[in-house]
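Okay, so chain A shows up in both of these, paired with chain B first and chain C after.
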Partner chain A sequence: MDRIPILRMNEFLLVTIQVDMHDRLAMTLQDDLTEQIVRHRARGVLIDISSLEVVDSFIGRMIGNIAAMSRVLDAETVVVGMRPAVAITLVELGLSLPGVRTALSVDKGMDLLRTSFHGTPNGAS
Partner chain B sequence: MTEHETRPIRSSEDVVIVRQLVRAWAIRLGFSLVDQTKIVTAASELARNTVDYGGGGIVRLEALSDGRRIGLRLTFEDKGPGIEDLALALKDGYTSGGGLGLGLGGAKRLSNDFELVSKPGEGTRVSITRWR
Partner chain C sequence: MTRSASRLPDILKQNDADILRDWVKEQLATLRPEAMSESSLREQTQRFFGLLRDAVQSGELGDITGPAWTGVREMLTDLSQSRATFGYTPSETAMFVLSLKQPLFTRLRQDVGRDAEALADEVWTATLLLDKLALFTTEVYQKGREALISRQQHEMLELSTPVVQLWDNVLALPLIGTLDSARTQVVMENLLHKIVDTGAAIAIIDITGVPTVDTLVAQHLLKTVAAARLMGADCIISGIRPQIAQTIVHLGVELASVVTKATLADAFAIALQKTGATIGKPAGR
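And now, the complex of A and B:
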């Protein structure tokens, strides 16, 4: 597999990382996401990392870059589903993911995005 | 079980293979999920350094026992340019290659024993052990 699929749901983009990504694949995802935020004028990006058993400094940097990039493009990034063992390890690694919003599940993450975009979690403005 | 194993590390695909191999060893040695995650993450950092800075090398995995405890030792070796200033390289945030500069320091924090030996022009060897 040489690309991670990106789903579009109205004004939001959804990425579910289901493989242990090698570094080039992670860089491709970062580029693809930036391109699609612009192309679809996306207002939010949801990254589901619940399948990821390891987040090292490279993946951490990629997540931080995506968040920074989307902020510049007026979109928000929410990372969902980080496993507890991964969270504990990240702290010891020294990675704090500044500026990255997190939520426990895809549903909660979507609520967060909808609230910041529409003002209510159910999408009505 | 095999008490040691050596694998080449040349590409970013090999870094993925090292993560999977270390995970399998940590599970076989009975490490908790958190401890597995810590040593796999440390291994990922060191394997990437071997590729990115060392120009490729090897990793050696060893099961240890000191009579009381079981341990997993990982040794990463390359014949790359080596490290001029070890203290600087270990400093959080220091990178010569556009990374986050957390690999060496992070790997040290994530393991129980840590040894870094490097000679400019000769290469680098980093050894970490996590005890169960």
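And now, the complex of A and C:
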């Protein structure tokens, strides 16, 4: 597999990273995601990294970059499902991802996005 | 050198009852009376003396690491480890072996007393042997103590970092005692795993029980907060005493990115507000 699938859910995009990231994959993801945000005029991006067990400084920076790029394109990024070990590693690496919103699970991340766009977690605007 | 010449094996064999009696008497004189009952001491001494006597018969008086001394070494290991656990002092433990000198030397003098040179040789051999055994005892005792200390340290680490659930989605982490790097690591891991387990959205870190906050402790706290944020949980630091608030400002520690409250109650109120829960008195009171 040389691409990470990007799922569209109404005005949000859902990226689930199920495999171990390597650098090429990360670069492809950046390209694909920015393109999809523009094409679907997405307003929010959920990145689910609950299957990610290993991170290095590159991947950490890449997540930060994706968030920054999305913000430029007026889409909010929420990183969800980070594992404790990954969180500790990122903090020790000095990458605390400022400006990236986080949530414990996809559900909660979705609520967060809906709340910030519609004011209610149910999506009834 | 003294392998064949020494009379030690014979002396131990012939006078065993006398030596044993004197040895027990010697130990009772030096040992605290409350430390061990006479009967169990006698039993211990008798068992050890038997093993020692058999080992000495092998003729290997210069080297206690050999196979002939296995029984003696095992017995000494058991003895010093149990004494380490029961809080004996190192000298009391070493005295167990060293107190054999007096009765043994007395017998030696009786046996080869006429020949001063032979007596000196025999005493030297016996001293070497007993010193080696005593050193071995002390070494094992020390190891036993170290194992005890490290186990207690570990237990303390486990004990001192509970994560409690205060409400739906609200966790509290009451920290007590000084925070060092090792402890922070444990605290951080406990908290993060608990966040995953309970799905909590807010964690309150209460530092009422932390005696001093220096730059290192503050940095550890901030790291914990950052890691929890990455997982999707907000942190509130509470229990900041006036003295600590002053220290933090004097040290120039930047805590602006974290919500801080003076008491756990205030932090809890904020947490409830953020999670959308309310507590109030029943109407009509």
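FYI, the second predicted complex is superposed on the first by the 125 of 125 C-alpha atoms of A that agree within 3 Å, B and C clash if a C-alpha of one lies under 4 Å from a C-alpha of the other, contacts with A are read in each partner's own complex, and residues count from 1 in each chain.
Just so we're on the same page, contacts are C-beta pairs under 8 Å (C-beta built on N, C-alpha and C of every residue); 3 or more make two chains touch, one makes a residue touch a chain.
Just so we're clear, the structure is a prediction, and the values are computed from it rather than from any experiment.
Kindly say whether there is room for both chain B and chain C on chain A in the superposition, answering fit or clash.
On the superposed model, which is not a single observed complex, chain B and chain C fit side by side.
Can A:Asp20 be said to touch chain B (first), chain C (second), both, or neither?
In the superposed model, A:Asp20 contacts chain B only, not chain C.
Have a look at where A:Ile88 lands relative to chain B and chain C in the superposition and call it first, second, both or neither.
A:Ile88 contacts both chain B and chain C.
Kindly classify A:Phe58 by the partners it touches after superposition: chain B alone (first), chain C alone (second), both, or neither?
In the superposition, A:Phe58 contacts chain B only.
What is the value, to the nearest 10 degrees, of the angle subtended at the Cα centroid of chain A by the Cα centroids of chain B and chain C?
Value: 50 degrees, nearest 10.
I'd like to know which partner A:Ala103 touches here: chain B for first, chain C for second, both or neither.
In the superposed model, A:Ala103 contacts chain C only, not chain B.
After the two structures are laid over each other on chain A, how near do the C-alpha atoms of chain B and chain C get, in Å?
Once the two complexes are overlaid, chain B and chain C approach no closer than 8 Å between C-alpha atoms.
Shared contact residues on chain A for chain B and chain C?
Touching chain B and chain C on chain A: residues 83-84, 86, 88, 92.
Which stretch or stretches of chain C touch chain A in the complex?
Where chain C meets chain A, its residues are 185, 188-189, 192-193, 195-196, 199-201, 223, 226-233.
Which positions of chain A touch chain B when the two form their complex?
So the residues of chain A touching chain B come out as 20-24, 53-58, 60-61, 83-86, 88-89, 92-95.
Enumerate the contact residues on chain A facing chain C in the complex.
Result: residues 79-80, 82-84, 86-88, 90-92, 96-97, 102-105, 108-109 of chain A touch chain C.
Would you mind writing out the residues of chain B in touch with chain A in their complex?
11-13, 15-16, 19-20, 23, 33-34, 36-38, 40-41, 44-45, 48, 92, 99-100, 102-103, 105-106, 109-110
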